[in-house]
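Next, two complexes with subunit A in common: one pairs it with subunit B, the other with subunit C.
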Partner chain A sequence: MLDDVTKDKPVLTLEDLSIEFPTPAGVVQAVKALSLDIHKGRRVGFIGESGSGKTTTALAVMQMLAEPGRVSGGTIDLGGTNILELSEEEMRRARLSRVAYIPQGAMNSLNPVMRVEPQMWDGIIAHEGHLDRAELKRRSDAALASVGLPLHTADLYPHELSGGMKQRVCIAMGIILNPELIIADEPTSALDVVTQRQVMQTLKAIQTQIGSGLMLIGHDMGLMAQTVDELAVLKDGELVEHGTVRQILQAPAHPYTKDLISSVPLVGGESFLSPDARADAPKRTSSEPLLRFEDVRKDYGSVTALHPMSFTLQGDTPQIISIVGQSGSGKSTMGSIMLGFNPPSRGRVLFEGQDVAGMNAAQSLDFRKNVQAVFQDPYACFNPFYRVNHALKFPYKQFGLATSEAATQRAMEEACAAVGLDPELVLPRYPHQLSGGQRQRLIVARALMLSPKLLIADEPVSMVDASLRASILSNIYDLKDKYGISILYITHDLATAYHVSDYVMVLFKGHVVEAGPPKEVIGAPQHPYTRLLIDSIPWPELDRSWGDGRTDWDPANLEAEAARAEAIYRGTVPGFDLIEEAPHG
Partner chain B sequence: MSTANMSRAERRQARRIRRFDNPWLNPKLIWGASLLFSIMIIGIVGRFLWDLDLVFTGSSPLKLPPLGFENLRGQPGVIAHPIGTDGGGRDMLAMVIIGAPNTLFVGLLASLIGMSIGIFLGFSAGFLGGRIDDTIRVGADVMITIPPLLILVVFQSAFGDVTLTMMALLIAGFVWQSPTRLIRAQVLSMKQSGYVQMAQLSGASTTHIMFREMMPNLVPYLFGSFIASVTTSIVTAVGLEVLGLGPQRIPTLGRTIYEAINAGALIQNLWWWWGIPTLLLGVIFIGLLLINLGLDEVSNPRLRRLS
Partner chain C sequence: MSRIPRDYLINRLVTLVLTVLIAATIIWIIPRLSPVDPAEIALGRMAAGAGSVANSEEILAQLRANMGIDQPLIVQYLKYISGALVFDFGLSTAAFPTPVSTLILNALPWTMGLMILSLLITFFIGNLLGALMVWERSPKLVKVAIPAAMVFTSIPPILSGLLLMWIFAAKLQWFPLTGAYSIFVEPGWTWDFVTSVLHHGFLPALSIVVVTFGFWALGMRGLMITVQGEDYVKLAEAKGLRPRYILYRYMIRNAILPQITAFALKIGLLIAGQVLVERIFAYNGMGKLLYDAILNQDFPVIQGVSYVIILITALSVFLVDLLYPFIDPRIRHEANT
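On to the complex of A and B.
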């Protein structure tokens, strides 16, 4: 079926591989009869949701399965060696020298009390015994150079490196012994898009250079499309589809693959939303604007997280305002200032004409009822001690919305149904029994029950499986569309911001650099920073020059250029008024 | 599948899995609790079955050995005093029946008071922050560096005879520091957690957040910390008693050891006099240790093993 595969002997052959985990509830089949080859120099992507068995397969290849998991059938053949028959000592020698593993959170896998260089030497010494210092230094320098890091990196401690640099150090460590196979387990999941592009380019370039096989594990179809040659789609431990990327993207055979591909929102592509604007204008008793920032500034020590910013959100017609930017751009700081969790260093935040910082008890309760939030981490939002209905019932009663126990129950059930959850199945459970997607929907349902005037959604889908993102976003969109709630959507994902929002602000180092309607700002960006962000997004388009290993693409330069450029304002929308920052310099 | 047609290994596996499912069925926890429980049973049942007047000086013959042994004078043990008598003519069994629960009581009371102080201060420090936090933290850190026995010896000598409750109160003044620090640390990290923010968004009051949202999640820590401070309290109490301080007229295990040493029980080979209270203290400490280990496994699932 794969006609363009080279005829060499594959570096990795999985044959009928099955892995099981005995648990209290019975034996869980994590991987079911998986057969696959990885050839020399080929990049194979393993894509699937969390729990689909991708990482388990990789760990089995490394013989590092967590207790009590075990390989229950099949063989793993690494370039002619049956890994399952190796002793502990033989396997130790095979790791790194023949198969390297680049783990998910690189920041956690470097030793914080050692400089980078001795950590790189550790691997060489463990496999080849003590070499002389000059030789070790030569090899570690070569490895650092090959991942594009300056040589002085070797003398730094991990905390002195940025996330992207740490991840590249991990790649350098992985390739230092020229392994036949590199396994990269979501190597960029903790990095923002710009760094992600840089790290993936490095990984591709070095893999091509040493000619090893690459097993890339991930859940982002766009990233896969831009990086790998072959794609293996896993679902519930089964290999549902396998083929070249082109084949799979152009003609996906399995419905799950189609879902995965269509769940990636594209800028300018077809919208995943079904607008249904039958919301009545929200009932406003006050003529004051809903939310107003007056020269709000936030400093953390000597660092300014947010430069003075002023805007007015009228709130008479429900709107979604997106705030986009990388981590550290000040977007989450803005969110917590709006919620009153974090007082601004200067300036005032007014909610319906009332300063958020100086409210009395009754005003404060009213503010809380009317300004709700959906946070990034659905796992942390529920108290593990209570059943999930506590999170819905408690605020409902607290704000005096509950008339009777039965009415509360009915309201909870209606809200669950509105976000596509089965109330009987979900409400009486404990948080750890629900998936991330279910929990995030419950938080949306909670907001719905309280019918606030303003919802602050801080990265609501970044920790949810890709295939669920679109449906949760459309749940949130419905809040505006059907229930008339104004929403501030804080995200790093420009593609979703393009579809859901009425107005977009791009934040860079605490400044607004470009603002306006999404069709202009994201559809036709003018500011160099916005362009940099958009160029960094991996999309499932094969013929785009994303990860082609070009060396002239240097984000540091582009960012410096962006810092010099003036903010660009691209028109306004009625109901939202951003005060333009005076040109600097 | 019925249990009848399961093999032995399968049954064992099933039992382990059940244990994994319900952490409270922890063998360490069960053993530890039974040991402490048996000490209490001795105290409670003994009061009904044994003549407690035998605890007074001169109520029995002196220095009788336990049943089945002979002392240096060649006297055999008698059934009227099954575990012997001490140098003052007191029945050892009666002393154990009264003394062992007393020792446990001092430990429990002292750490109950210490924990309450710790919970209060820990929550205040973690939740309110600022000056209050600084004051409480420095106070607790300073108190940790002061050796409790030194201060208590001075206190007790000044007071002369004290009651059990008084002694528990004094000891409580030295066991609140570590719970304070522990709870403060937990509250600080919990304050940032999503569900506390959610509760704030829900307009919850500070007391609601403290006692309804945070406290239930602290229970395993509180339990563990409680057991640890019971151990510390008992060690401190016994230390004072063995030095001859503490309650003068109420029998406790520590005081019995003090009297044994003072009367030269070691030279006269009256091993039961000091040996039996020491053994009982050992049982109490092992019981507490097992409970602590068991609680660790309950609150930290990673320590639990399936196989």
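On to the complex of A and C.
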């Protein structure tokens, strides 16, 4: 089926590759008899959930499997070399020079105490010995230029770079010795859509230029559709489908592949929310608006993270307000200000008429109970020493909600059931025994138990598998109608914001640039910045342009354009009042 | 020095001075809370020497006047503080009338030499061994031997000192039993004197290293385990760097940072010293001075020694604060904090 491309000898041949992890509980088969070729100049996507074996396969090619993992069968042939037969030293020499690895967590992948340049040089020196300085400099500068980074980046420390810049440095390092094969392990999963597109286009361009094979690992069908030539679908360590990306998108054969394609939430597409959740929620009884921002502004040193912003959320009928924007747009700052973790530099935040900054102990306790949060990282939100039932019970008792042990138990079970978890299965466990998706649901459950009035959800699904996102978001969505909780949904994912929200605010550099109901703002964006965000979404449609060949990636141009444009207000919804910012200029 | 803004430097200096001042005040107050009258102790010592003392009231008054403790507290305090600034702590009551500063000046170099040398050695050895315990490529033998050697860490320094003395000084006679230098050489910058000092210092230093390297090794081991799991170490391996280079430049270089802070804090503690180590080796350092002063209730010396310890601790922390941006580029001192 792939005969049109098989003229060259493949750069990577996996034949019946099996990888196993012996554990005390038995041998886990991480990869089962996987066979696949990657040809010169071809981009092959490995898609599947966490645990499907895609990263394990990549690490096996690098001969960097974590203990106690081992290749239990089959061969890995890298351009004619059986790497399973290489000595440790020979394998070291093959890394980077023949097969380069671009890591997932670019945020932490650079040595924090070394400048960028020596970190590029040490890779060259490890393979070619001590070249003279001028030659090293010439090559590192060429690599930086090829990924579109300014040359002074060489003298910076990693913490002085943005996430996108760090990922590009990692790409520059990866291609510095012109490898035959590049393995990119979810290289953009930590980046926002705009940066993701820039980095992906850079990676594609440079890979085409040096003509190497690319193994791209990911879980985003849209990103795959826009990036790769061939797609390998993995599930539980098995290759369930392999073909050109066109074949697979147009006629997926395996039910799992169909699931993967249909589970991508699309702007304007079918809603993933269940429409039956329209039960009447208890009404709130307070004359004061639920949440009110009065000219709230936040400065960090000389940088203004949030420009004066005023809005009122009545909260009488629960609503979901989405705040969307790139990293650094000020959306998370807004979230932490609402939670009272981060006092505003100017202005006031009022919760039911009370200034959040000036609460006494009793009011503060009441505020904490009524305003709950769901954060991005489900792994960091539980104390690893306590079982789940303790973690859920503790705040419930702390806020004086527990009348008896039996009632507490019942509340925990109800909350678990509400987010689709089996209480008997999860409650007696420790957090590390649960998956990321289960943990994130438990955090929603914990918030739900306290019957809060407001939930701040800061990127609640960006770290869970794509297949789980929709169901966790519907759990959160249910809170609104079933339990009468208003929600502020902070995200960079416009497609989900389109579906769940009643009102959307697009933030750019601490300013609201476009706001209104989602069908208008996201469905038919008018502000250049909103358009940029929408255009940056990789669609799982082959013929839809993802901005290939566009030259306007330069953030400076975009910023200038977005800064010139006035904010656009696209209508209102009852119960939410955003005070329009005075036109600037 | 572009990484240290002037405002920050001034801020840190003020903190340094305040810390020392407050600490100096506290060490002045504490002995005055005690009901013991140093003049009576001095009198008691005279009485013990002479059998009996006539007109004891007059002598007491005279002693109090000499010690300055007949004056109002505020005057005593101001005198003490202004003296402390120029390292004048008055006269020792036990070794009357030797000035405290002379006693400290005589003891300090010995302690500094011995303790800082042994601290440097133990810091180096401890951290290296701690790193090797974690490093995947360490020889098996190393991984077995180091934890076994940790047994020494649980030995009190006085025992390890006695043990070393018994083996190397008494039995093998490789090193002298006690003292800081041989009584047959004249102190001065001569070859004989320096070798004698090193010869005498070896066993006390070794006894300190043996019992303290475990502290650094265990700390380093924990830090290395964390660093080992960092993405940048994984990527370094994926880049095909040489394992030794990864160990030094990627792992130890990052893991060592918190240890350096601990090092600064330890300097102060070490001046107070391994009191007992100095004691059993009859080494005339600060530890021994402090130990004797406590036995003799010699308040001026206790105050003086405590003051010097605090000053050196505060200074070393101050220096590490200033140094930190150079060893960890992520730390940058904001001018307005």
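Throughout what follows, the second predicted complex is superposed on the first by the 520 of 585 C-alpha atoms of A that agree within 3 Å, B and C clash if a C-alpha of one lies under 4 Å from a C-alpha of the other, contacts with A are read in each partner's own complex, and residues count from 1 in each chain.
Quick note on the criterion: a residue touches a chain if its C-beta (ideal position, glycine included) is under 8 Å from a C-beta of that chain, and two chains touch if they have at least 3 such contacts.
Fair warning: this is a prediction, and the values are worked out from it, not measured in the lab.
By the touch criterion defined above, A:211 reaches neither subunit B nor subunit C. Judged by the touch definition given at the top, the superposed model places A:383 against subunit B, while subunit C stays out of reach. Judged by the touch definition given at the top, the superposed model places A:391 against subunit B, while subunit C stays out of reach. By the touch criterion defined above, A:365 lies against subunit B but remains apart from subunit C after alignment on the C-alpha atoms of chain A. In the superposed model, A:574 makes contact with neither subunit B nor subunit C. Judged by the touch definition given at the top, the superposed model places A:159 against subunit C, while subunit B stays out of reach. Counting contacts by the rule stated earlier, no residue of subunit A appears in both its interface with subunit B and its interface with subunit C. On the subunit A side of its complex with subunit C, the touching residues are 62, 64, 92-97, 100-101, 103-105, 107-114, 122-123, 126-127, 157, 159, 170, 173, 301.
Contact residues of subunit B toward subunit A in the complex are 13, 17-18, 20-21, 193-195, 197-204, 213, 216-217, 306-307. For subunit C in complex with subunit A, the touching residues are 230-232, 234-243, 245, 249-250, 253-254, 257, 327-330, 334, 336. Every residue of subunit A that touches subunit B in the complex is listed here, in rising order: 22-24, 67-68, 339, 341, 364-365, 368-369, 372-373, 375, 377, 379-386, 391, 394-395, 398-399, 443.
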